[in-house]
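Please find one structure pasted underneath; my questions will follow.
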Amino acid sequence: MAYRPMLEIVALEKRFGSNTVLKNIDLKVAGGELVFVIGPSGSGKSTMLRCCNRLEEPTSGDIILDGRNIMSGTSRDLNRMRLQVGMVFQGFHLYPHMSVLKNVTLAQRKALKRSKPDADARAMDMLERVGLAHKANAYPAELSGGQQQRVAIARALALDPKVMLFDEPTSALDPELVGSVLKVMKDLKSKGMTMLVVSHEMAFARETADRVVFMDGGVVVEEGKPEEIFGAPKAERTRTFLSRVSS
Amino acid sequence: MDRFLDTFFNPVVMAKYAPDVIGGMGVTLTIAAAVIFAGIGLGLALACLRAYGLTILNFFIICYADIFRSLPPLVLILILYFGFPSIGIRLSGPMVLFVVLSLTLAAFAEEIFWAGFSSVEKGQWEAGIATGLGFTRTLAYVALPQAVRLAMPPLVNRVLAITKMTALGSAIGVAEILSTSTTAQSFSGSATPLTLSVIAYLVIFLPMVVFARWLERNSAWKSR
Amino acid sequence: MDIFLDQFFNLAIMTKVFPLLLKGLWMTVKLCIAVILLGLVGGLFVALGNLSPQRWVRWPTVVYTDVFRALPPLVLLIFIYSGLPFAGIKVSPFTAVVIAFLLNNSSYYAEVYRAGLISVAKGQWEAAASTGLSRSQVLTYVVLPQAVRNVLPDLLSNTVEVVKLTSLASVISLSELLYSADMARSVTYNASPLVLAALFYLVLLWPLVRLVSHFQRRLAA
């Protein structure tokens, strides 16, 4: 089978001044695949994720989305590319001055130029999917953290992205609310969404990920199937990290 | 270009009228200093009085602050300067300027200090009173220092805005920067004295603006 | 006491000059509309310049705001109205007022906007950009509404100052409220027209001043 990745990171490098946070990163994510990125804080995993839609500008290297290099092109191309890459943040970042429905329709209307009925219908579908259709007219401040994060997922999904990026989506949540968000992510996976996830939810990774990548010090230390990484890590650094988080 | 320089930067005119404008700077600075002193002092006193929570007194303080924040100072200046002599109160131009600007600054300062008092946590007052300081000493030693710290950035901005209003003195013949330079302008038939006044104001107020900006940013960092 | 009432609250004189002052008030309102709208729009652009990552945009706008906040608006007004004609540039009193106050207000409004814009969390910019909105769309739909809401009391209190500022136009004989009142004063030899003008300003501005205090208290709570 000709293997063409949906998202490909090639020789990615990122420096802040003299500080190199990402060194020569290569990573491929196939269509429908869920790739989990783990590693200690400061390992560069969030920066790598943010380079994938150029919220962080790579110092060098290429990001190839469905066969197209996103590092070239005008700012309009950049906006069009971002429509195809959904992103979910640790801090949700819903727009506090807009209702849930408007949060989900804004980019559909203004960036995708969908008509209002189309955007509303699509938004309601997505809210249904994350179990929050009944909150369409609520404001973000009236929702729990878990609900806000599910709305944020709906906001990204409504744009029909090819890839979804998750940047520690459950780290800011109370423990009892984590499950609802993970359930939505699992559902996405089962529907064939391509996902790149930075998270500390090891149990979830073991259960749902197709592949796990361990990063440390700005490099990919090792990658493999969850049972390989969690069961028999090859690198010493991976072993140390896993023993620390599981204890 | 030459013509432009000659109109706005004529060296002969500059040399001739610079002493007058520098004298005007002295007047501006003197009145500004007096206004700052009196305005902040009165405003602080009123805010402290208001903290005692006496209903009738507070009503008058609030009315005073509202009225003097609503009225353009120039209206008050004209009333005091042209209206008061007819009831036997004759104030000199500088005095009118000082009184009006001080009262205006006091009104704003009262509100700013009061906002500072209001944001001092209730627990601070309770702690002070519980340790036997009594209301007045809690006000003086506990609440006031915290309120003043919070009040500094907006107060500096307001002081700046109101001391700049000393230029209104030119409307009633106070020999401050603007009126000395407009007089010089009509004598010399050149716009250069106006340039001198712009320079004079920048010399005085630009450092204050930069200081206010610095203060605003730094206090924002510290409170976060 | 009688002489006081006669000099400051002379109803006969007030009634007589009322129509004149009303006309002056109309001019004040026109000035306010022009100056406030221009200031609000100009200030936004200056604020965006202030926050620009490009040094050659940022520095000139920072100097602009500092210089025009350092100069008394009356000085700007006199310079434009009496100084520029020496360079062959003649402007009407109305235009002179609008230009002078635009320079002054846009600097003040810019400072308010700037504070508002930096009060909006960076995550809002990023989240909006990640959904494919362009920079100007992010600004218009996501950041600016929040920024304005955060600094609404300051925008409002600045606007009160702008309205008060229009009284300076009387110095260059633009027949707005204060000028009309002062004309009437010099004709009647009585301060009542000035007091009436003061009452007009109070009616216009007291509600706004109350509103500012109300907002500030609500934000503090």
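The chains carry the letters A, B and C, assigned in the order they are written, with residues numbered from 1 in each.
The definition used in the following text is that contacts are C-beta pairs under 8 Å (C-beta built on N, C-alpha and C of every residue); 3 or more make two chains touch, one makes a residue touch a chain.
Listed by chain with UniProt protein names: B = ABC transporter permease subunit; C = Amino acid ABC transporter permease.
Remember, it's a predicted structure, so these values are computed and weren't measured experimentally.
Asks: Write out the two chains that share the greatest number of C-beta pairs in contact.
Replies: Looking across every pairing, the one with the most contacts is B-C.
Asks: Taking the mean of all protein CA atoms as the centre, name the chain whose own CA mean is closest to it.
Replies: Smallest centre-to-centre distance to the global C-alpha mean: chain C.
Asks: Hey, which chain ends up farthest from chain A, C-alpha centres compared?
Replies: Most distant chain from chain A: B.
Asks: Averaging only over C-alpha atoms, locate the centres of chain B and chain C and give their separation in whole Å.
Replies: Chain centres of chain B and chain C, defined by C-alpha means, are spaced 18 Å apart.
Asks: Please compute the C-alpha centroid of chain A, do the same for chain B, then give the distance between them in whole Å.
Replies: 54
Asks: Compute the distance, rounded to whole Å, between the mean C-alpha positions of chain A and chain C.
Replies: Distance between chain centres, rounded to whole Å: 47 Å.
Asks: If we count contacts the way the header does, which residues on chain C are in touch with chain A in the complex?
Replies: On the chain C side, the touching residues are 121, 123-124, 126-135, 137, 141-142, 145-146, 149.
Asks: So in the complex, the part of chain C that touches chain B is made up of which residues?
Replies: Listed in rising order, the residues are 3-4, 7-8, 66-67, 69-75, 78-79, 82-84, 86-87, 160-161, 164-168, 170-171, 178, 181-182, 185, 189-191, 194-195, 197-198, 201-202, 204-206, 208-210, 213, 216-217, 220.
Asks: Under the definition above, what is the set of chain A residues touching chain C in their complex?
Replies: Residue list for chain A touching chain C: 53, 55, 75-76, 79-87, 89, 91, 93-97, 106-107, 110-112, 152, 155-156, 159.
Asks: Write out the stretch or stretches of chain B touching chain C in their complex.
Replies: Residues 3-4, 7-8, 66-67, 69-76, 78-79, 82-84, 86-87, 111, 115, 118-119, 160-161, 164-168, 170-171, 177-178, 182, 185, 190-191, 194-195, 197-198, 201-202, 205-206, 208-210, 213 of chain B touch chain C in their complex.
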